[in-house]
Amino acid sequence: MTNELDRLAARTLKRRDFIRYAGVAAGAGVLAACKKAVKQGSGPTGGPSTARPPIGQEPGGLQVFDWSGYGGGEYYPGKEKQYLWADYQKATGDTPKFILFENDDAGYTKIAAGASYDVVHPCAYRFKDYVDLGVVQPWDTSLISNYSQLNPMLEQAGQIDGKQYFIVEDWGFIAPLYRADKVQPVEDSWSLLWDDRYSGRISWINTLEMLVIAGYYHQVPDPWTMTDDELAQMRDFLVSKKHLVSFLWDQSYDLWRAFKQGDVWIGYAWPDTVGYATAAGMDVVYMQPKEGRIWWSCGLGLFGSSANYYHAHEYANSWSTAKAALFLESYYYYGHANTRVDLSQLPPAIVKAFSLDDVTALQPPKAYVEAWISRRSVYSQYWSEVLAA
Amino acid sequence: MDAAASKGGLRLLRVFFALLAVFLYAPMVVLAIFSFNNGDVSFPLQGFTTRWYAQFFSNPLLIGALRRSAIVATLSSIIAVALGVLASFALIRRQFLGKSATSALFFSPLVIPYLVFGISLLLLFTVVDKLLTQVAGVYIGLGLHAVVIGHVVVSLPYVILTIMPLLERLSVSLEEAAHDLGAGTWQTFRRITLPLLLPALISSFLIAFTLSFDEFAIASFLAGTQPTWPVYLFAQLRVPSQLPQLVAVASVILLGSLVLVLFAEIVRRVVERRYGAEYSGRGIV
Amino acid sequence: MSDPAKKWKRREREATAGLLSGPLLWLLLFFVAPVVYVAVYSFGGIKLFPTDAGVVSLDSWRRFLGGGSVYMALFWKSIRISLTVSVIVVFLSYPVGYFLALCVKKRKYVLLLLIIAPFLTSYLLRVLAWKIILGDSGVINSFLFSVHLRSPDHPITWLLYSQFSVMLVLAYVWIPFVALPIFVSLDNLDRSVLEAASDLGASRWQTFWRVTFRLSLPGVVAAFVFVFVPTIGEFVTPLLVGGPSGYMYGNAIQDLFTKGLDWQTGSVLAMFLLLVVAGLMVLFGRFVQVRNVAT
């Protein structure tokens, strides 16, 4: 895997401009999402700081419950550490320990079952669920020196009941990805994911999000709060199209490996797959479907039971740097909440993936925020039925 | 004339066996090829390298997982053998009420699918932890101790199945003679019974060890933050950077097992030359 | 009863209790209790999560056993796959056991070891190897491309991520395991019986079918059960090579517990599997004595 940074094309675009635009767009999207979310009071407030031992007396060995490739070196050995937590290690002398979850659902289930760590990295549509579980405590943003560099609009998504339970760090899109040399879509639509012409060359994600995508395709009024009838329809639809799918992916790299081997030409994809494909010289298109893309954001949460309070804040600080932003943007093609990233040159592929030349990219109808699903357990049931059928 | 097979039948069986051996080893050969591939474990091949072999020795996560599996397997096997000896003695040498029910209980872990058992243990530990947290503020959590407990349960029937036959064959009169000569119960056990039981103890230990070392289903639910070797493998299968090293490990193990087979054949030849064909046919290897 | 006799009887009972207490306690605590717990959960008696009903009812069971349950259909699909795999495995393993036990004089244990040796390598890695062989651009397809039997745009796609791949890999894993009890039962056969049969004028085929096979039947049945029972609840192989159509009952249980957060339905499915397997074992127990298997 070659060094992305060494191959940046000469394209002058002020990073700051993009963040400003994206921030506005993101803010609008986030506020819209907040309107949907019901605010309830819950969660521990975290003990008074006077009861906390100073950082020197904390046990260390910070346990980070996260996706693979976010520090453990699974995808970019050496680089993940260098950009994401080398600062943390310098500040505390501690080496974090990474415990991986298969996906967000699996992570949440484990914690709901009683597992406990120091830091967790779920995505925004789950923030409220974690708070409702009562396992996370708010951050003290005054302890995070880089917090002021983070986009306040994005950080608002991490606030529940006015308390900063999650530090939003990364964000990205969800859209169909396809190989331009093998696939000619009939139109720019999510329908490519069930195009009969490409049977066996398609990959879906292995989560209930597929029900939501089907909802957008069928123009359901609100795919994030579907009725049982609508869910049943989406389920039957997906079951009828399942035979076109080669396999369902849990981790993004599974999708990339299938693309790389030429087994799969079309996929429900996050931007990092675009990154891998472009670095390998593949001709791929990250579609802007007519029904709209979806955009997600994820953030760091702090466990109420954590004994590494100050260590965790240092870790969040390390994640909030411009350096971390640079890494995520260049290697995974994810956005980052840091507004001070000094990146004036970006490969054209990133510009396209982020729709940087289009200010309305994060707003409907171009993109919809990945919202909290109040009836998630019901969606989950229907999704299991899609899998089992 | 050979009553078991005709000449044609023999040839057919030989061919079948050879084909099956190829079928069994083909994936191993594929693994071995990729262990030298200078790239990810997928086509196309990208040149020759031996760096994966060098790397996995110094890979702390990998070595850690192997070490943890070895510890778990050793511990659970020792406990299983100890409990199995006790249970075998009770079942073979003693009469008591409800013997068949107890016997059924001891063998019932054979019946449960490991997936179900792993989940049930997860449930138990979750509930116990919730109780302990509320009552005493203490949290044990999952981890290697849970895996050991689970592995002891599933190994126990195999241990008992291995020890029982040998124990049955051991003549009680030997122990009675020792008693008559004045030996206490513990002495008799230690100096007469135990040494005679040793082959069964060793085989049952090996069976329990092998079972535990490669056991995935139960460990996947209970290992917590300390993955055992199969749990670690499963997680790494989906991720690019560690995979070639694991393939290198697999190739090393394959080589080791082939050496074992070769060694067995050499021993057989040596024994045959020394003691004649009747001895080498059974029992030595 | 005289005093010394009473004392002796009591000491005997204490000795038995002493022997049994360890293993019995372990199993009661760590086997019976968890299983009972799952059973209770399946009836809704426990509330671990916010989404649990927490009310004892037959609802979950009714939904599962009543008509139209997706999971019940999945269960029968898994039975079908397991039956197919078991039959194939026993069918393929028998000649191996036969060959080694009755036709090989000198090298039988070495060859047996050769068959079993791949087991020392982790099962997961061997499944990975099959993924490489069966994939769209794997060994088989690449070979077909190179000899122009198929064009690179049309690989054989059903080799991987299909019910076929699940059955193939399961068969691959089980054949050596199953050859062992068949080998043992055939190896223990008294050769003179075979000689007697042929002396009486029976052809080799008649000898095999009416003598050898009949005598080895307990071993064959044990081998069949040996592979059939665990395969019904199999979830790792379908997870790795099954794809969307190779999804099995065990996967549903695992997903419900690890991703779906519907532990109550998961418990129902798990208990059902346990009861079916226990029932099967009791049935087969009538045919195979535990003692025979042990010796």
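When the chains are written out, they are named A, B and C in that same order, and each has its own residue count from 1.
Criterion: a contact is a pair of C-beta atoms (placed from the backbone, for glycine too) under 8 Å apart; a residue touches a chain by one contact, two chains touch by 3 or more.
What you see is a predicted model; the values in this text were computed from it and never measured.
Asks: Does B-C or A-C have more contacting C-beta pairs?
Replies: B-C
Asks: Suppose chain centres are the mean of their C-alpha atoms. Which chain sits farthest from subunit C?
Replies: Between subunit C and every other chain, the largest centroid distance is to A.
Asks: Using Cα averages as centroids, what's the distance between subunit A and subunit C in whole Å?
Replies: 40
Asks: Return the distance between the CA-based centres of subunit B and subunit C, expressed in whole Å.
Replies: Centres of subunit B and subunit C (C-alpha means) sit 16 Å apart.
Asks: Considering subunit A alone, which of its residues make contact with at least two other chains?
Replies: Where subunit A meets two or more other chains at a single residue, that happens at 113, 261.
Asks: Quick one: which residues in subunit C touch 2 or more of the other chains?
Replies: 48, 135, 137, 257
Asks: Where in subunit B do residues touch two or more other chains at once?
Replies: Within subunit B, the residues that touch at least two other chains are 42-43, 122, 126, 130.
Asks: Help me check something: in the complex, which residues belonging to subunit A touch subunit C?
Replies: 102-103, 105-106, 108-110, 112-113, 132-133, 200, 207, 242-243, 245-248, 261-263, 377, 380-381, 383-385, 387-389
Asks: State the interface residues of subunit A toward subunit B in the complex, per the touch definition above.
Replies: Residues of subunit A touching subunit B: 63, 68-69, 73-77, 97, 99-100, 113-117, 250-251, 253-254, 257, 260-261, 305.
Asks: Please give the residue numbers of subunit C that touch subunit A in the complex, ascending.
Replies: Those residues of subunit C that touch subunit A are 48-51, 70-71, 73-74, 135-137, 157, 161, 243-245, 247, 251-252, 255-262, 265.
Asks: Can you tell me which positions in subunit C touch subunit B when the two form their complex?
Replies: Its residues touching subunit B are 12-13, 15-16, 19-20, 22-24, 26-27, 30-35, 37-38, 41, 46, 48, 92, 95-96, 98-100, 102-103, 105-111, 113-115, 117-118, 120-126, 128-130, 132-133, 135, 137-139, 142, 172, 175-176, 191, 194-195, 197-198, 204, 207-208, 212, 229-230, 232-233, 235-236, 240, 250, 253-254, 257, 263, 266-267, 270-271, 273-274, 277-278, 281, 290, 293-295.
Asks: Spell out the residues on subunit B that touch subunit C in their complex, using ranges where they run on.
Replies: Within the complex, subunit B touches subunit C at residues 1-6, 9-10, 13-14, 16-17, 20-21, 23-28, 30-31, 34, 41-43, 82-84, 86-87, 89-90, 94, 96, 102, 105-117, 119-124, 126-127, 130, 149-150, 152-153, 156, 161, 164-165, 214, 216-217, 221, 229-230, 233-234, 237, 246-247, 249-250, 253-254, 256-258, 260-261, 264-265, 268, 272, 277, 280-282, 284-285.
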